[in-house]
Every structure is written in C-alpha cells, then in structure tokens.
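Next up: the structures, one after another.
You will see two complexes here that share chain A, one where it goes with chain B and one where it goes with chain C.
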Partner chain A sequence: MTMNAEIGSPANARQENRMERPSFRLPLASLAFWGISLAWFIIVIIPLIILFVYSFFTTQYFQTVYSPSLETWTSLFSSGRFEVTLRTLRIALTVTMIELLVGFPFALWLAKGNVSKLGRAIFLALLTIPFFLDLSSRTIVWRAILGQNGLVNTILISTGLTEGPVDWLLYSEFSVHFGMIPALFPPMVLPIYMAINLIDDTLIEASSDLGGSPAQTFSRVILPLSLPGVMAGFVFTLGPALAAWVEPGMLGGGFVNLLSNSIESAYTALRYPVVAALSAFVIGLLLLLLGMMMLVLRRFGGSGLTLR
Partner chain B sequence: MKDFTTEPMLEVCDVVHKYGQVTALSNVSLSAQKGEFLTILGSSGSGKTTMLRVISGLETPYSVGRLRIGGEDVVGVPAAKRRCTTVFQNYALFPHMSVLENVAYGLKIRKLPADDVIREARRALEMVRLEQKADRSIRQLSGGERQRVALARAVVTRPAVLLLDEPLGALDERLRQDMQLELMDLQRKLDMTFVYITHSQEEALTMSDRVILMRNGRVEQRGEPLELFDRPATRFAADFMGYENILPGRLIQREGDRGQVELTGGARVLGTLAADDLAVGDRVNMALRAERIAPVGPEDQGLDGSLRSKVYRGKYTDMLMDTAAGPLRLRSWHGAPAEHESFSRVGWKETDAVIFADNDV
Partner chain C sequence: MKDKFSTTEQIELTRRTMLQGMAAVAGTATLGGAASLAPGAANAQGMPLVKAYGVPTAALKDWSPMEASIGVRCELSGTSNDVGVFMRDIMASNLGDSADLFIFESGTEDILGPRGFYAEIQTDHPELSLWERTSDDWKRSDVVTDKDGTQWGVPVIGNADSFGYFPAKLGLDADSEEELSWSLMFEDENTRGRVAFGQGWAYSFPSAALYLKSTGKADIGNVADMTGDEAKIVADFLIERKKAGQFRTLYGAFEEQIQLLTNEEVDVINCWEPAVREANLVLGPDATRYAYTVEGYFKWGHGAYVAKQAMERDNVDAIYKVLNYFLSGEYRALQARDRGYAGPNMDLGVAYAEENGWSQEEIDALKATEAKVAKKFSKPFVSTTTPQNSAEIEDQWQRFLNA
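And then the complex of A and B:
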C-alpha cells in the first residue's frame, strides 16, 4: 500500500506518507515491545519456570530423579529451615528499614537541600563507586577491621576502653548487618533521589505559600510524591538483602545462616531440586513482601491525602 | 476610578536584593490599598518576579526598609505565616490531589474542621465555575481550568494580598482575554488587593488600577494605566508601551504642557510634554504611535516624506515612510485612502505626540 503510493505521483506519495506516518510508527514500536518481551521471556521467565519445575523432582545418590513428587517441598522446612527463613526475613527487613531511615533523609538533602552542583555530583559519584568493586573484595576487608585482632579492637584495647577484645564485632548478626548496609545503600538512595529530584520546586514553594509548615509540606507534598522512588528503593534493597550470600558467608563465619547459605550448601551437595525449591521460595517471599508493601503504601498514601 | 482612602494593605520600602554579584532589585518601593489592582509591568529580568517573591516571603531580600502586609510587619516572617498567597506562573497544582483537595489545601493546613474545609473549598470552586469538576484529577483539566483552580486555591484562605505571577502567560489569546475579564470581576467581588505581574502592556492597561513599570531592578515609571499608555516619561517606557516611532529632537518652544520640537532634519512639530521639568533647548524625544499618524494636507503640521513600503496585514496596513527625521512607521486601520492612494505628508494630533527628555542610556 505504502510502496504503491511512493511509486505513484510524488504529490500523491507525500500525501500518503503524511497520512500513513502515525500508523507506520506504531508497528515499529509494538514490534520492539514484543521483541523485548520475547527476549525477556526466554532469558528470564523460562529459566524461572524450569527452576520451579525442578523443585518437584527429587535426588537419590547425587542423581536427580525426574519423576514428579512433592517430597522436596514437604521436607523443605525440616532440619531447622524455618528458623533460617525467619532469620533471613528479620535481617533483610531490618537492613531495608535502616537503609530507608538513613537513605530517605540523605536523598532528600541531596535532591532539595542546599547542595552545590559540584557537591551533588561528588556525592552521586561516591554512591556509584561501590558498583566498581567486587562485593566480596569489599566485604572481606571488614574481617581485618572487625576481627579479634582487628583495627577496632586494637584501638579499643590500646586506649583502655575495653580490657579484652570485643567478640561480637565479627562473625555475628551485627557484622552481617554491618556488611550489608553499605552495600545496599546506593540501591535505596538512588531511586528515592530520582523521585524527589523530579518534584517541582514550585510545588514545595506553593505549599509553604499556602501556609504549610516544613513538616506539613514534607508529609503532604514531598513524601506522597516520592513514594514511587521509595517503592523502587524497597525492591532494589529487599531483593538483594533476602538473597544476600557474600556478607553472611564472610562476616557471619558460619554462625549466621541465611536462606542463601542453605541454597549454597544444597548446591554443593548436588541437590538441585532443593536449590530450586528454596530459590522459588525466596522469590515467593519477595513477591509477598512487595505486595504487602504496596498495600500499606496505598492505604497510607490514600488516607494521608484525601479529604474522606 | 476607585477611591483608596483606607490604610495600605501592602507596603514595601527600599527593597534591595542581589543574586551573588547581580543586583536584582535596587531600592524598590511600592504600596497597594485594599481592593486595589496593582500591576508590576516589566520584561524578563526586570526584577518583577523577584519583587513578588520578596513580598510572598519565598525570597529573603538582601535588605528591606519596611515590609508590611495587611498592616503587619512581615520582615523575617516565613512565607507560610504571611497573609498573602501566590498564583504561580505554572500554577504549581499538586499532581497527587484532586481539584477539591488542591483548593482545600490551605484550609486543611490550618486544621479547620473537615466540614468547613469542604464547604469553603466548594464555594471557592463555585466562584471560578468549576464545582462540577471537584473530583477530577489535575491532569484531566485544561490550561484555563488549571488556572482557575490555582486561583481558587489561592483565594480560599482569604489572604490580605493576592500575588499573581504572569498567570495568563501560558494561555492562548482568546482564553487570555476571557480570563482577564474574569480576574477583574473576581477581584471586584472579593474586594481583595491584587498584585499582578505581567510583561504585557495590554494586560496592564485593561486590568489595573495602577501600574508600576520596572526596568533592571528599578521602578522606571508609575501611575494610572492611561498615564503610562499616553504619557510615557522615558524612551524605555515609550518603547515598552508600544510606541513604534521615537524621534530625537530639541525642544524649541513650550506653552503649558504643549511643546514644539525641532526634529532632526529641521522639521518643527507639535506635541504634549510628559514632564514639567523640560526647558526650551533641551534634547528631547518625541514618541508617536503608528496608528495615530495619518496623511494630512500641505498646510497642516507634520512631516514630509515618501512611502517606502506597504504591507497589508488583513485588519490593517503597515507602512514605512522615509522622512527627514528618519523612518516613520504608520498603521492604517481602514482600506482607503491610505491603502490605495499615495501621499507625501503625514501628521498627528498634538495630544498624540509625547515629548520627554532624552536622558536615557
């Protein structure tokens, strides 16, 4: 149709082109959409499905038995996995909440505070530096700092603040939290920073012009408008926190077992169905938490804003 | 003209403001009475928006002699505590709230009972004829409707002074004219002091009781709209008020407020003096509106010249004429005789020609 018009008289062709353009662009856009969706499906969704299917198999003598059964799932929470799950949830949520409490004010200050352009650029660059370095290399350094003969204890003992070394600094839940917090700070701060940065300054001015105190402006304008960023920060922080593997391994010293460590040990024991079931369980856990978060936010956002 | 005998609702004395090294306002003073429509007119960079922000408290001035709103001293008082509200240029409506919630914002902030909040907000919406769209989202509104929501939101708390920062700038021509009338109507109904900022001399002329023309952070001229329109006192004011022709010359004779000017090239013409302090012999400028110039007979006062170009623009015809005093722009609103005939002499009523001192940089 378009080809024919182009071959025809030039004036006619121009007219046709102009009329065709909107409908011509649309197929391209939808082609790209379906192409990307298909690629995403193949690369991400299919492995997840295979993983899920695997969880219905069993292992015997280090061999996977390919006959469907619920055995892996029913035995999943035996051998103390329930405590591991609770611990994982507790640590992941604690870390996420700490990140939110520290990250939100920081993001607010960075986006709307009295920061020079240069200062802002420096802070944003500093936030991206953790991505340059491998997580395990960054984490293992803490052993030298927090250990019994580490920097902190040496200082504490030599200044006479404590008599012996403080032993809860390393290989404890404290050190696991401590190791995860700097690693997960950027993924919490950056989305919130972006969201707050998008809030038009005149909205903030309008709020105080209409009589809003800084606290009212914050709770009625800034916070509700930054919620999409908070949501994204929550996802980007909670996901890795639930799946954290390096920090509990290196700084937990075998005393702080999380679900990821269970997955790892099942993997080394070649029990792939258990690996699959545990992974599927973590994903389910994450989805459940995000769903709850979404509900809370909607409730909170709704009641905080409407007159009703 | 309204009579303003009550005490001023807004008093600003000697505001100085600097952005770094740049002086945005140098010793600007102004005042407005209750129910007055004051317009601050100026091009971008004239300091008019800075002035508005100083009044609203969104900008802390470098120094200020006196700043009173509704009789209260507000120097150092934060924006939230001042009895004035602003209609922002881009409206600044809260995107996460409905129309009604936007309007109710200032009332809710003041912790009024919920019933009163809703009733007052609905009444304000009624006033701008948007009560039907109370539950709409801001995104579903047109530009003019958003404008009216911003207006309702600003007046619902009954401020002493309403500040409007080029509120009609983003609207199209037709809507702008409708909104001008609506704003004037609203101002009269509320009997509220309006301080209106614009760069359009036409808006200033139609709407205001008084106009302050600003230039480079200073007040260039102030007065009633007609005064500014018909008696600009400087070259800048004349240019800004849309005088197309500004001819340099020398005052050679004066009688009362009438004067005779010898223009470059030697022609002697009559005009009206904008200021009393002009003396015979002073270098002056004479400003003439293109549409107030018309062909005249050889005996009448005026300028000789030859027509250089003629552009028909539908409603009117623009002409350019070469004279001894320089090129002269003419505008004719009727087809004949200017459009078809040729002429070699043009003139004007002496009240249409403004004479002011040539002291501009």
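And then the complex of A and C:
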C-alpha cells in the first residue's frame, strides 16, 4: 500500500513524467536529425557531387561533351585560372585580415567602450546603411576620386607632392583592396560586436578584481568569449571577398582578374565544366581553410565553434 | 551588340525607355480613366500580338508607329547580351513555347537553327514583301544564315565598330575622316599607357587578330573564328603589349566607355559608337571621334529569328509582318535617328524621313549614316558570338587577362 501510495503521489507523477519525456523526445530528435541530414544531403551534398563530376567533362562549340576527361582540370593550369584561384584567395584573406585587425578594436570600443547609447545607435545605423545602397554605385565613385584626373591626384599634383599623376591608385591590386575594405567592414564588425556585447560586464570586473591586467583580461576573458563572433565575421567577410565581382571589375581595370570574373568569362562560352572545376577547387580550398580555423580556435578555447 | 558589354547599354537604354514609359503612363493615369479609353489604346489591345525575346537594342523607343503601320503589337522581353545566357534560356527553358521571335547578335543561328530551335525563314511568305528588294549584303550575311547557307533570320540592325579617340591628342584634325590604323590601340608609342581595351573575349580578341593579320604579323584564317593555335598567337601578342604597358585599363561596361572618355583617362578605346556620342555631349562636339580604320572593323548585326514552335501557332502572318517591318523605311529611320544604328534598306529610311516631313538636319544625318555604313562595310570582318573554337579562344583570353 505504501508503495502504491508513493507511486501515485504527485511527486512521483512528476518523476514519471521526467522519466517518460526522454523516451518521447529521443525518437523526435532522432527523426529531426535524420530528416535534416537527408535534406542537407539532397540540397547541398548531391549538387556538390554533380558539380565535381561535371568538372571532368568538356565543352565543344557551346555543348557539353559527356565523356570523362582531365582536360578541363589541366586547362585550369594552362589558361592561368589556377593563378586566378590563388590570387582570389590571397586577396580575400588579406582583406579579411585587415578587416579583422581594424574591426575588432572598433567592435570592442563600440560594445564596451565609453560610448553613449545614442552614439552606439548612430554607429550601428551607419554600419547598416551600406546594406541599403547598391555596391556598384558605391564603388564607381572611387574611380572619379582615384583616377589620373581624380581628386587625389589633383591634390597631390597641386600641392607639389608628386610631379605627375600616381598611376597605381586606380586599376591595381591596391585599388581593389581599397574598394573591398569599406564594403566588407560591416560583415566583420557586426558579429564581433554582438559577441562582445553579450559578455557579462561582471566577468570583466571580476578579472580586474582578481588582479588581472587589461591585457590579461583581454586575452583570457574578452578574446575567448568573442571568438564565435570572430569566426562568424571571418566567414561573412571571406565569403563575399572570394566572390567579389564589382570591385575587381570597376577598380581593377581588368588587371586584377578574380574568380568571379573568370567564371563569368567561362559562362559566356557555356563552359559549365570549367565553372564546375573552378567552383570545386575553391570549395576544397575553403573547406581546408575552415578546418584549419576550427583547429586554431579550438586551441584558443572557442568551444562554441568546435564540434566538441 | 557584342558580349556582355552591350548588355549594360541596352539595359541603360531600356531603363531610360522604361522610365520615359513610366512617366508617360503616370501622366496618362493622372488624366483619368478616359485616356485609357482612347481609340488608339483600344485598337492596340485588339491587334494581333507578337511576343519577342532578345536584346532590347532592336526595340523601338515607342512601338506605336509600328502598330499604326502594320496593325500588330509587339511585346519584347529583354535579355542581356550574354550569348551563354541567351542560348541557355532558349535551349533549357523552351522559350519558344511562349516567344514568337528571338532577336540577338549573329552567331546563335549557327547552333540554334540546326538544332531545331529556330524555324527556317519562308522568304516567299506574302507578308515578307520587302525581302526581294533587300540587298544580299544584309539578308544573306553571316548574321542570319548558317554555314550551309540556310536562312534562319531576318537582319534587323547592325554597325561596324572601331575605336574612339581624341583627335587633338593624336595631332589630327577634329573633322578628319582619315583612316587610322589599329596600331593606335596596340603598338603606337604615343598612345602607350593611354589605351582602354574591352575585357570581353568575343569583342576584343578579334580586333587584335584583325590587326595582326592585316599587318602581316600573323597568319590567321578567319579572325572571327580563330583556331586555338591562332588564338594563342594573338594572346601572346596581347600579353607582350600588356607587359609593355600599352593598356591603361581593360574595361567591362558601356558606362565605363563613356566615363573613360569623359574623364579623359585614356586617349584611345575600342568601344561602341554611342559612347563617343555620349562623351561629346559632355566634352563638346567632335572632342572625340569614332575612327575610320585602315584594317577593318568589328562588323556586327542583330537578326530576328522565328521560334520553331511559333510556326504551329495562329499568328504566323503577324510574325512575318513584324519581320517585314524590320526591313522597312520607317523602322530604319526611327532606329537610325534614335540609336544611330544602321541596317538593311537605308534608302527606304531616307525616303520615309523625306515623305514624313523630317527636318533637313535629320535627313542629312540619315544619309550620313547610310554613307558611313557603306564605307565601313566594304572592309572586313563580320563578327560572331559563337566561334567554333570558343573554348580554346576563351582559354587563351584568360591567359592574357591573367598575365
């Protein structure tokens, strides 16, 4: 009787509910996991496999020849497209690192610095404005400023700093970097700002109370806790930088041929296999890069980003 | 026109046209519903409809003269001038199920005709009454026939492209009609570092090949359709010139052509004729000129092609009326006046202008266009968007870009 009474008590009923819930949730969670995995496989993995397979075909007279060959892959090297891929990666990584170096201190200042609420709101609004403006319109303005007869050269010549116009200001890798940096600043800063803003101020105060120097507080509290934002900012910046089309087109003057320009050119001749090979190659490089980043961040304690 | 570059212009033109159209529609709307009941509007709605898909350059800024002339409405869905996009749309999306006419630059007929996407033109169709009087230079050109001579299209517009330049900077008279060499683009010491070259292979590669062939520096068969080896020779030459600093920039859009001229960033640029006109609006008359050349031109044309499926529909007569209109004096005069492009039966265009009370200045401009085209078209070469060795040519162009 006692046992029955105990079993029937409200406390035991709650206990039973707690016991039962996992058995109900597990199949649902399992179902969701397999459902999402299947959808992921169909939507992402299968197209990637098709892409990779396509890269082993060729194009003749605007028609894909479905006979396996390494010709497309070898042509990537003979046509210089391999260098395009590496150049794109180099420029994208350079821009991303510059954004990180400039963006992190800015985000830290904005989130934890002595900034009024109004000031913070204004800066955040300014960071979002570029999303509402056409990138081409923002970029083409630089041509009038950086050109041989542009504002910068006019000032340089009229002040006697240079005798003639400085050519490399426009139509060079410098100008492409210069155009990409302001365009990709918000995607780097905003995630880092969000991550730093979420750090509880008491943690920073506790570090200070325990005798930690500002440098120690930064390296042992702020930096590890902001790593999810850094990772997100890195990905959000690197992705668009790899796909940059407007800045190299408008500011590179055709001398900074990047991946998107190369893909577009191939597409005009309906060379799908070349597009597939270039895309597969870049995806491989990206996976390698992100894998390396995961390992580095794991080492620095960014547990939220790892697969642990 | 050519490759993607023309896209921008066409889109720009379309934008302008669209804005004008929207303004007109807005104005009409403010006048009240009565306007929509105007006899003209009601008549237009009752007319047979021909749906076209293609580059908007061929479109009239206002179709109402055509509707009044032949009693057919035409709706043009614009596309970019990217031949890859255009052919993908037709082949993969079966656009012939909904579109009656395709309008595009020469080359697609060589592929889409034999593969069954275009219907062969019935040159004896009763509605195609101007066919006989149209010169073979236009109606039998590579723009509208394939390599076997099959007639897949009707010529619509065309021009012969060369390069724009600043006469004063080259020491030439502003009104000079002297034929200049393409060496100004590629090898002249006076223009080194002051040249803009288009970065699309279909537009720029053949011009360099034409120069090398004409000057005997390379043995090239057909500059519009080079072999891979020939393309390699041209690419090597361009790489050498690129490294020598000949090119200030490799541009990519029509707006850039205008900007490079108006900013005077370059002295010479291979571009479209309208870019020179636009630049002169800013810089003054004849500040820049469009060159007559020694070696030849990038001659291009747009053709109108009938969708295979359209021949099974009930508006074939209307389709052929539109095709015939493209050969007429009214279309020719309006296109030449509004866009500066030439086409078949320019004489009919002049006659139309005279009969319809156009100003002497406009008539003279039409005659000048006729004379200009006759002079330019006597020289090589006719371009194509679909060279046989496009893959090899594109690879070599990439080599040039990446050097």
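In this section, the second predicted complex is superposed on the first by the 237 of 308 C-alpha atoms of A that agree within 3 Å, B and C clash if a C-alpha of one lies under 4 Å from a C-alpha of the other, contacts with A are read in each partner's own complex, and residues count from 1 in each chain.
By definition in this document, a residue touches a chain if its C-beta (ideal position, glycine included) is under 8 Å from a C-beta of that chain, and two chains touch if they have at least 3 such contacts.
Predicted model, so just to flag it, every value in this text is computed and none were measured.
Asks: Under the superposition described at the top, does placing chain B and chain C together on chain A give a clash or a fit?
Replies: When both complexes are placed onto chain A, chain B and chain C end up side by side without any clash.
Asks: A:143 contacts which: chain B (first), chain C (second), both, neither?
Replies: In the superposition, A:143 contacts chain C only.
Asks: In this superposition, which partner touches a larger number of chain A residues, chain B or chain C?
Replies: C
Asks: Scan A:80 for contacts with chain B and chain C and give back first, second, both or neither.
Replies: Touch status of A:80: second partner only.
Asks: Given the touch rule stated above, what does A:200 touch, chain B (first), chain C (second), both, or neither?
Replies: Only chain B is touched by A:200; chain C is not.
Asks: Under the stated touch criterion, which partner chain does A:225 make contact with: chain B (first), chain C (second), both, or neither?
Replies: A:225 contacts chain B only, not chain C.
Asks: In the superposed arrangement, does A:111 touch chain B (first), chain C (second), both or neither?
Replies: A:111: touches no partner chain.
Asks: Looking at A:212 after the superposition, I want to know if it touches chain B, chain C, both of them or none. Which is it: first, second, both, neither?
Replies: first
Asks: Mind working out whether A:253 is in touch with chain B, chain C, both or neither, as first, second, both or neither?
Replies: second
Asks: Which value in Å is the smallest Cα separation between chain B and chain C when the structures are fitted on chain A?
Replies: 47
Asks: Name, in rising order, each residue of chain A that touches chain C in their complex.
Replies: Interface residues on the chain A side: 58-63, 75, 78-81, 83-84, 140, 143-144, 147-150, 167, 171, 249-250, 253-255, 257, 261-262, 264-271.
Asks: Considering the complex alone, what residue numbers of chain A touch chain B?
Replies: Those in contact with chain B are residues 200, 202-203, 205-213, 216, 220-221, 224-225, 305-307.
Asks: Where on chain B is chain A touching in the complex?
Replies: Against chain A, chain B makes touches at 56-58, 78-81, 85-86, 88, 90, 92-98, 100-101, 104-106, 108-110, 114, 117-118, 153-154, 157.
Asks: Which part of chain C faces chain A closely enough to touch in the complex?
Replies: Result: residues 3-4, 82-85, 87-88, 111, 193, 197, 199-202, 247-253, 255-256, 259, 263-265, 386, 388-391, 393-399, 401-403 of chain C touch chain A.
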